[in-house]
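In the two complexes below, chain A is the common chain; its partner is chain B in one and chain C in the other.
Moving on to the complex of A and B:
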């Protein structure tokens, strides 16, 4: 980027550009920082208290990290599929909002 | 051996230490993480104020899918506490959720102290006095509050001497 503005080229009929003061600095380099987060309401599995994107406590112990996936309910609450499958066997409700549990999607 | 239940209990313990809830305290026993000792301090502006009530929490390998067995060790006089210290509280039975942890259980019991549910009495005398003779109820509670200090002092003494 250059501050060397050719005033003659942009010189309009009213001559505003010719009155522009000289630029005081030049932008030579800039660094952008981006933040991101998973697009889910809750990013920690409330059952085992490990991040849903990491393997659950059970799979970590059994070295099955790759098979541990996330499950989302219609209520938009997410858990590890393993944690949830054990819970729904005894009570088919979302442990967080107590609504009837119905699966929205499973996967990573 | 580490199991999912034991790992979850370690997380509960970590959370209790990092973010301790007001008026409750708990720790696993020295050689068994499935058995915890806890203390609930009687909430301010209630008949239980300044009481130091000791409890035990006993977990199974099914935790957190199944609730622990929670009992008062200190003598208690409350409509929803049985003579053996057992507690009649919905979240420890049919309303249990695997999202609860030790901190949540203890704070629920703490708020139960001043908000008894007279519809499911575990101590019929306490329930009756609570509804019909509040002054007598509070007198009985004051007695167990005093007793809780005595037992607490005995425990501290035995810890110091051992």
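Moving on to the complex of A and C:
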């Protein structure tokens, strides 16, 4: 079973299992679980004081939780996208480090 | 007054002559042959008599003709009816008139005495003649004189009757019969006399004030001479009371006799004066005694039935012989003595028992009886409320009964609902009392009921629960929502519900998506969208994960075009924050699994920038193909079980330590995993030495001889099971959240008030917080906020706080 993956990965190393032709147990199906979160250094949005995993207060109020994503600046500080877009209208600096704000990436 | 009487009399005439069927309730006249003969005369005369009466009435109201030939006068005044009536009357009856005053009176006197003595009238003296005599006397002498003479005549007769009673030595019953006979005769006589003297009644009496009609005059005299005689009155009333008491004692009595005598008292207008009071007193005494005695002797249902019987009997008594005006007082008296006096004892002694045994009929009776007495229902209602509180508390409070608590609560609620709707007329106040009591007792034990309700729902929504159809499940959920509504600490419910829901979703154990969604919408309706938004997020994650897996498989196939994948991977991607927090742990997995996992991570992060993935091995589960010598099997196992089993592909025996180091599974979890594999129902491994628990140094051996009837074997139930640590963690998380909420509430209040005394702050907090808290907990949070410089104690007044901005 691993062979297929291995071959696609072009990885020569074989699993231990394959040494034994009569394997007693073979994995047929695997239901795995993973938790995703924003890859941020600080859990809380410094502008609205809500955790970045939750939608900002404005979006919670307008029931737009799904659209409330996170934005990273070049300084690697992160905020709710909506919070930051309001912030930069007044002050084009990162609220945490006062560096000139420039977007590194936006979460999707 | 007299005009009413007169109207009554004429009504009687009509009914006698025309229908004879309608027997007015006043007297039943035993008619001797003689009397009936008399009556015949009456009847013959009556037809004309009625016509006469009409005419006379008119005449009376016009001018009275002095010559006594009334019909002529009438003929003139009433044109249209003139021919028919006047001819008939004039011609037939213009026979020998009795003109003389004295002669007329003699005739009349003779007739009256004959009636009084129940004799036949003289043959040649017709009713017609007698009318004429009356007419003559009225016109030629004076009506007042005639009236006085008649009165004398009657008085003499009535006085003579008294002797019979004074000297009567018979027992009470005989005496009563005597009185009754005398009375009926009197009535009969007076009626006939009244018929003869109709003209007097219509003319003289009607027009003269302070003169009562002949009938009333008779009653007055009867009362004056017979019943106002103390001996007669007492014997009569006592006799009546005795008879009624006998009847209440269960004997049969001559009801018609009692009825007739009581009607007599009413007619004589002395019913209230001589009878009613004594009767009510006797009643009160009787039922007061009976009530006390029976409360001792009988149990409550029997007693209530007895009271109902008594009330019915008394009502019957009113229908059959008592004067209707007594009804209110009589019934009130019974209610007071039998119910009101004992209402406390009744409910204390009987209500719990009736409710326990669900005796609906008795409860309905109880309700209807208590609705009769003032404040009765209020009292019943408060006792009902108290019963629910005490009984409910026994369901809720005992930790040993936790397993059956919710089912018992549901049953109890059903039972009480049934009682309120069937027995208590669904009355609003009882519905409210029921709600209030449930809300009260269910919160007597903090947090646990909420937790158990959540778990109960989980049990019902879990796959494999086939006991209910969809409709039944829906109804059950509705009932559970009713219980849920009573709960104060809804956050506890939410936490446990969420934990169970996540297991149902992730392990694929949910019985029906429809049922899940329906429950969710019920919760949403009850607690608002804020309460369910995260739960809804969980369902959304499940949907999204499916889409992602589709895309991922597409991607894999593109990468390895010719090969099919023997291992099928599916990943559920959960949004952090929606789901419960799980322990983060790293485990050793076979390299192929690790690689597969990496491929997926790469794929996922390629699609979503700015995210990171944290794998949750505790929730993973797998299907293993197992090649046992006794036949191949498919094992449904948890990821941990799979990791352990996969080790045995290389060697047949491992020690606990070896397994630990090779899998890196946390100790308690590993022990539990091994236990499930080697000590459960399907033993894929053999533990050496054999025992129930996994101990240090145990060895595990691959079970070559494993056999099972089934091809697919589930061994991963342990994942569904809640461990006590899990339970504690969930609880702690709720309490942690509550602390934040308390902090936030305190700061909110402080920010608004700036300065606030302690007590006011506490009471405002109780208003704001939606979960149960103890004042001690609040104090701790206040202290903590003071430490963190959110607020401070006032320097002058330590009981007041200042907000520190």
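Criterion: the second predicted complex is superposed on the first by the 68 of 108 C-alpha atoms of A that agree within 3 Å, B and C clash if a C-alpha of one lies under 4 Å from a C-alpha of the other, contacts with A are read in each partner's own complex, and residues count from 1 in each chain.
The working rule: a contact is a pair of C-beta atoms (placed from the backbone, for glycine too) under 8 Å apart; a residue touches a chain by one contact, two chains touch by 3 or more.
On a predicted model such as this, the values are computed, not experimentally measured, just so you know.
Undergrad: Just checking: does A:57 make contact with chain B only, chain C only, both, or neither of them? Give me first, second, both or neither.
TA: The first partner, chain B, only.
Undergrad: Chain B or chain C: which reaches more residues on chain A?
TA: Comparing touch counts on chain A for chain B and chain C gives C.
Undergrad: Kindly classify A:48 by the partners it touches after superposition: chain B alone (first), chain C alone (second), both, or neither?
TA: A:48: touches chain B, not chain C.
Undergrad: Is A:106 touching anything from chain B or chain C once the two structures are fitted on A? First, second, both or neither.
TA: second
Undergrad: In the overlay, answer first, second, both or neither for which of chain B and chain C A:95 touches.
TA: Touch partner of A:95: chain B, not chain C.
Undergrad: In the overlay, answer first, second, both or neither for which of chain B and chain C A:87 touches.
TA: After superposition on chain A, A:87 lies in contact with chain B alone.
Undergrad: Residues on chain A in contact with chain B in one complex and with chain C in the other?
TA: none
Undergrad: Please name which positions on chain B make contact with chain A in the complex.
TA: 2-4, 7-8, 11, 15, 64-65, 97-99, 101
Undergrad: Spell out the residues on chain A that touch chain B in their complex, using ranges where they run on.
TA: Where chain A meets chain B, its residues are 46-49, 56-58, 60-61, 83, 86-87, 90, 95-96, 98.
Undergrad: Sort out for me which residues of chain A touch chain C in the complex.
TA: Touch list, chain A to chain C: 1-2, 4-9, 11, 13, 15-17, 20, 22-39, 51, 53-54, 63, 65-66, 69-70, 72, 105-108.
Undergrad: Considering only the defined contacts, which chain C positions touch chain A in the complex?
TA: By the definition above, chain C touches chain A via 506, 508, 529, 533, 537, 540, 559-560, 563-577, 579, 582, 590-593, 595-597, 599-601, 604, 607-616, 619-628, 634-635, 639, 642, 645-646, 648-650, 702.
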